[in-house]
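Could you have a look at this structure, given as structure tokens, before my questions?
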Amino acid sequence: MTELTRITRQDLAARIAADIPEGAFVNLGIGAPTLVANYLPEDEEIILHTENGLLGMGGAPEEGLVDPDLINAGKQPVTALKGAAYFHHADSFAMMRGGHLDVCVLGAFQVAQNGDLANWSTGAPGAIPAVGGAMDLAIGAKDVYVMTDLLTKKGEPKIVEACTYPLTGVGCVTRVYTDHAVFDVTPDGFRVREAFGSNTVAELEGLTGLSLGGE
Amino acid sequence: MTELTRITRQDLAARIAADIPEGAFVNLGIGAPTLVANYLPEDEEIILHTENGLLGMGGAPEEGLVDPDLINAGKQPVTALKGAAYFHHADSFAMMRGGHLDVCVLGAFQVAQNGDLANWSTGAPGAIPAVGGAMDLAIGAKDVYVMTDLLTKKGEPKIVEACTYPLTGVGCVTRVYTDHAVFDVTPDGFRVREAFGSNTVAELEGLTGLSLGGE
Amino acid sequence: MIDKSVASVSDAVAGIEDGSTVMIGGFGRAGQPVELIDALIATGAKDLTIVNNNAGNGDTGLAALLAAGQVRKIVCSFPRQSDSWVFDGLYRDGKVELELVPQGNLAERIRAAGAGIGAFYTPTGVGTQLADGKEIREIDGRAYALEYPLRADYALVSGYRADRWGNVVYRETARNFGPIMAAAATTSIVQVDRVVELGSLDPEHVVTPGIYVDRVVAVGDRAWIADGEFVGGVDIEGRPLQTEEDAR
Amino acid sequence: MIDKSVASVSDAVAGIEDGSTVMIGGFGRAGQPVELIDALIATGAKDLTIVNNNAGNGDTGLAALLAAGQVRKIVCSFPRQSDSWVFDGLYRDGKVELELVPQGNLAERIRAAGAGIGAFYTPTGVGTQLADGKEIREIDGRAYALEYPLRADYALVSGYRADRWGNVVYRETARNFGPIMAAAATTSIVQVDRVVELGSLDPEHVVTPGIYVDRVVAVGDRAWIADGEFVGGVDIEGRPLQTEEDAR
């Protein structure tokens, strides 16, 4: 089998950014999804939410202006844009749970073809569990985008028939952006929205063992 | 039977005011109970709450300074003191329902000996019902004081064995201030806390038909 | 560029159809979005379900909407007031339906709709007629009634200042139901005295973040404010205050 | 005269007994009331149940309280962090109990305690391990889990300014859990940089009204503020920023 096309983490972030319309309210979770912020068009206004109580989050502060009171969900220093608003935690999660965010982007261990998401625990014995706001984001945003490699380091597919890891949310994922392709979650399971480079649906089906609806 | 002592509405308001300690958070409802504000000691700080979103409510505005945005629950113009805070309706009623007010003072059609309060509806056919914040105040404040005449205009007692009017709250009243006497609501029913003038417990029992625990 | 400001109150209320549920902010006259209500009257939309704390005062605002025969049902806590003659008449004639809700349950149901809460147990109203038929549960020795969220198609809200992102601040007790209604409606429309430059509202002081607001419209300084300073203006009954004497 | 200000952090935490449930504000280091936590450590109170979003960072603040062996149980959403080694060790050794709650349910349970809500149905966590054993109800076609209020004996909160009535304003994302914890505890204790004159906080901008606050204590300007102006100060790891170079 020939080597398939894989795009970089940065290119994937840019690919996700391209799908976010001006005026959207967006939460980028923690970790890799936060890269998406770097690729949002500078001439458009997209309003970032961070669960710890800020809408209108800006980028990292300039040198010498790190402000420990102004951080994102990953506890990294950020800034606030003109038009920002601060609020307390119950209000912030009311906003998430109430379905007001247009898009959130989350990482994943596994996504099932019915949209189930597993991204908070591997269930490994002895591991210290931590969930944060992942479950609220998973069930709260209008569109839940997952950003992930298609395969684990061991080569196992992360889009699956059914999750084996503990769930974060049920039937919540709407689209999965991977290094190989973009998949929509549909009532008929995953469908390839865009295959990168020369990747074919058949090849992606081969990698994942799933029927991806190729004609 | 000799005429019993009855104190004026103003004296009753002053009597209630005398029982409110400095630092208390107090809601005076609408109507007659708002008179209590006029008798709070000027050299003590007592913080008034109004359900429409203000703590630290002050008295009526000076001439020419009526501000239609700044009103009390009875929709009368008021002022805000130094140290005041505005908040929205869900926060205001969270404050009431959550048990944070020390005292509220309400009017009543009837109070039962178990503390049941009826003050929002006479149940008369054809009457337009209106409840406002009465039910929230009745169940929310730490102490619920009722301010009322002991008898209706027809001479019927307003402290009763059991309410016949529709209830506002169950077992919520802690004390009843009337023109004849002050009554505590106890596990054994009403007890006279203070009889005004020459009124005796026996006389009050005669008026109300209740056992008031006179020795 | 995001710009939620619209040019006129008629643009602001565009799309409100017959049969819509419309939340209208305000507690009595304070915070009542009179200009938006007038625009709603002009649309002629009928069979409306209105959610408000009251049922109109005098002959203006919500009372005028009722008088125009556009309201099928009103959900409120306190319809009966000294100046609620329009509602009183319609109700007695059986021309408007009333759902009476204790004020705190009304506020919390609206809040629950915006906050994604499926239902909640409240102590308010338990043991009274207004909890008749509701599920009662004892929790930690206290009885609570189950209440459900109250949603709307539209919210009409009166704020003080807004920016083009839809961030809103309010004025004094006119804040009341505005913030929770803005969050509970599919389309939220806010009238303000002035739409200000983005960045001129302090992020610490924003009360309704723009995420809850779809349209903002400037209606000009309220009558009792000139150049941002209080100058008297109208009394609590809505009569203009031309001189200090009028304010008695 | 009402004066909720106390002279020292040790006065502020007086009365916290063994076995108390203590809510501690903060999200990571932002809004963590470090001076109050240090005072709590000094009391030696043990067998504490702590409610916080996290389980301590580095070796200071909440981590130091854990290291001191004073905590029996922690209720939080996100204990495992790159610098949570103190908690990690205690947890692995079975020396501290953990109740893991999704962050929004944690916030809403705290809010419910302050708001007198008996219980509420939340969609968050349904179908996951964290809703195991909870009552599930379908409402309008969606599944919700029943969650109960989370109360505390004490809340330790970090604000920015307070007055002697206990009104508090916060700073940026350090607001986080402060307002809801202050409302959910029997005794709420707030440290601020400065206690200011009554009347110098604008009533429109107060975030926590004094009704929720029992004691306030001034701990001096945070390191990265001098005379109210931002001057840099410490980085996100708590290292002092003396020069611009340090801020890299």
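Which chain is which? They are A, B, C and D, in the order written, and residues in each are numbered from 1.
Keep in mind that, in the parts below, contacts are C-beta pairs under 8 Å (C-beta built on N, C-alpha and C of every residue); 3 or more make two chains touch, one makes a residue touch a chain.
From a predicted model like this one, the values you see are computed outputs, not experimental measurements.
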item: Neighbouring chains shared between chain B and chain C, ordered by label; value: D
item: Graph distance between chain C and chain D, where chains that touch are linked; value: 1
item: Chain located farthest away, centre of chain A as origin (C-alpha); value: B
item: Chain pair with the higher count of C-beta pairs in contact (A-D, A-C); value: A-D
item: Interchain centroid distance [CA atoms averaged], chain B/chain D, Å; value: 37
item: CA centroid of chain A to CA centroid of chain D, Å; value: 28
item: Centre-to-centre distance between chain B and chain A (centres being mean Cα positions), rounded to whole Å; value: 55
item: Residue list for chain A, restricted to those that touch at least two other chains; value: 54, 80, 86-87, 94, 96-97, 140
item: Multi-chain contact residues (two or more partners), chain C; value: 108, 111, 115-117, 122-123, 170-172, 204
item: Chain-to-chain touches, reported pairwise for every pair that qualifies; value: A-C, A-D, B-C, B-D, C-D
item: Complex interface listing, chain B residues touching chain D; value: 22-23, 25, 45, 47, 49, 54-56, 80, 82-87, 94-101, 140
item: Touching residues on chain D, where the partner in the complex is chain C; value: 108, 112, 115-123, 137, 139-140, 142, 144, 148, 169-172, 204-205
item: Residue ranges of chain C touching chain A (in the complex, touch as defined); value: 1-2, 111, 113-117, 163-165, 167, 183, 198-199, 201, 203-204, 206, 209-212
item: Interface residues, chain D side, partner chain A - complex; value: 27-31, 53, 77-81, 87-88, 91-92, 98, 100-105, 107-108, 110-111, 122-130, 143, 170-180, 207, 222, 224, 230, 232-236, 238, 241, 243-244, 247-248
item: Residues of chain A touching chain D in the complex; value: 50-54, 63-71, 75-77, 80, 86-90, 92-94, 96-97, 116, 121, 126, 128-136, 139-140, 166-170
